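A, B and C label the chains in the order they appear, each numbered from 1.
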Amino acid sequence: MSRIESKLAELGLTLPAPPPPGGNYLPFRVEGKTLYLPGAIPSREGKVQYAGKVGDDITLEQGYESARLCALNLLACAKLALGDLDRIDHVISVSGYVNCVPGFPDSPKVINGASDLLVALMGDDGRHVRAAVGVAGLPAHSATEVQMIVALK
Amino acid sequence: MSRIESKLAELGLTLPAPPPPGGNYLPFRVEGKTLYLPGAIPSREGKVQYAGKVGDDITLEQGYESARLCALNLLACAKLALGDLDRIDHVISVSGYVNCVPGFPDSPKVINGASDLLVALMGDDGRHVRAAVGVAGLPAHSATEVQMIVALK
Amino acid sequence: MSRIESKLAELGLTLPAPPPPGGNYLPFRVEGKTLYLPGAIPSREGKVQYAGKVGDDITLEQGYESARLCALNLLACAKLALGDLDRIDHVISVSGYVNCVPGFPDSPKVINGASDLLVALMGDDGRHVRAAVGVAGLPAHSATEVQMIVALK
């Protein structure tokens, strides 16, 4: 078991099955030492777990959990790409989208759900640059969508 | 004529003139073997063809056509950058923005208009990772905006 | 003083202190000859200077100033990363997000505030590809958020 997966187990988490793409796109592209991942939604076994708008029917805490689940799904795509998650050297960047009510100011607190998990699993190697924005709508009413670029060993 | 342009002709499509940038930005940046393209809107000869919000005055089908036209404009920028589209090795990533009503859940179906065209033209080399999100507004009321990163031979 | 900082002084501008990250993310990641920067908001000394929605309580002119301040904050992050801004070779790409009323069509005019400054400071080396979109909400009610990727010498 990889270092990252051992850490997941310590946190009481398991890697989900990689989510099937929700459109005509790939679950990963490897370019030399860079792994590009697609936007992941908070689905588990094909079902969206957090649907609705943060600030309305989804609380900040649920939004945080939603972003965390997006990050788990990204790691599942990374495992599909790499076989072994320990081939990850570090995370480069995260783009986080929050399905929110107009004027919602707390997208960073929501997307911390993804960032905190990456740092909990990889320490400083999980740290990254990031943009977090609130949007009008996301696939299948998902509360969050998170995308990631990763540097490989 | 390049392989990609032959395929365009087969599909009854022609490469438009590269759209003039709608602000202080470039139509392309080439970094080693990576081609960065700007966000393209669904314009033809300087006029936006699909203006409005998907889910309101723009249907899903029109949104799909709009995303397809954005992809054509991106290919026009790529031709401007490369001279010959066959210098494209494969598409790395696509970012798709849909100008939509709040809560619109079908951004993937709209942005498939761009992705399907890239795959129709290039086969597996046209496949890519992707994020598709619904936004509050786009340049000149465009229904869609699509951006792309491409790997060169 | 670096060429870019001399030019800033000519324009009557000074580099602000690098903004503290507003969440669990880094102020930069350097990958070989590429500098990745996070989304920057229009803050100065920890206080957001342009808060609200462009098209409502924030005018187009204020939005432009807001995007310009975001670009200054990005340069502050770049200085933190590089020590000397003259290690920048050129700007590759800019992503601009405008906190706007639904249907706002002028995100390019707003994000020109960032792009114009980069070009004023660096000439052709400041030019970049770009996406500019209008979003539902931004961190701490910021009027704009701007992210940037830079090529190093």
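As a working rule, a contact is a pair of C-beta atoms (placed from the backbone, for glycine too) under 8 Å apart; a residue touches a chain by one contact, two chains touch by 3 or more.
Worth saying up front: this structure is predicted, and the values here are computed from it rather than measured.
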Interface numbering overlap (same over half, different under half) for chain B and chain C: different
Angle of the C-alpha superposing rotation, chain A to chain B, to the nearest 5 degrees: 120
Euclidean distance of C-alpha centroids - chain B vs chain C, Å: 25
Multi-chain contact residues (two or more partners), chain A: 102, 135-136
Chain C residues within the chain B interface of the complex: 34, 92-94, 98, 100-109, 111-112, 115-116, 119, 127-136, 151
Footprint of chain A on chain C - complex, ascending: 22-29, 31, 36-39, 53, 95, 97, 99, 102, 135-141, 145, 147
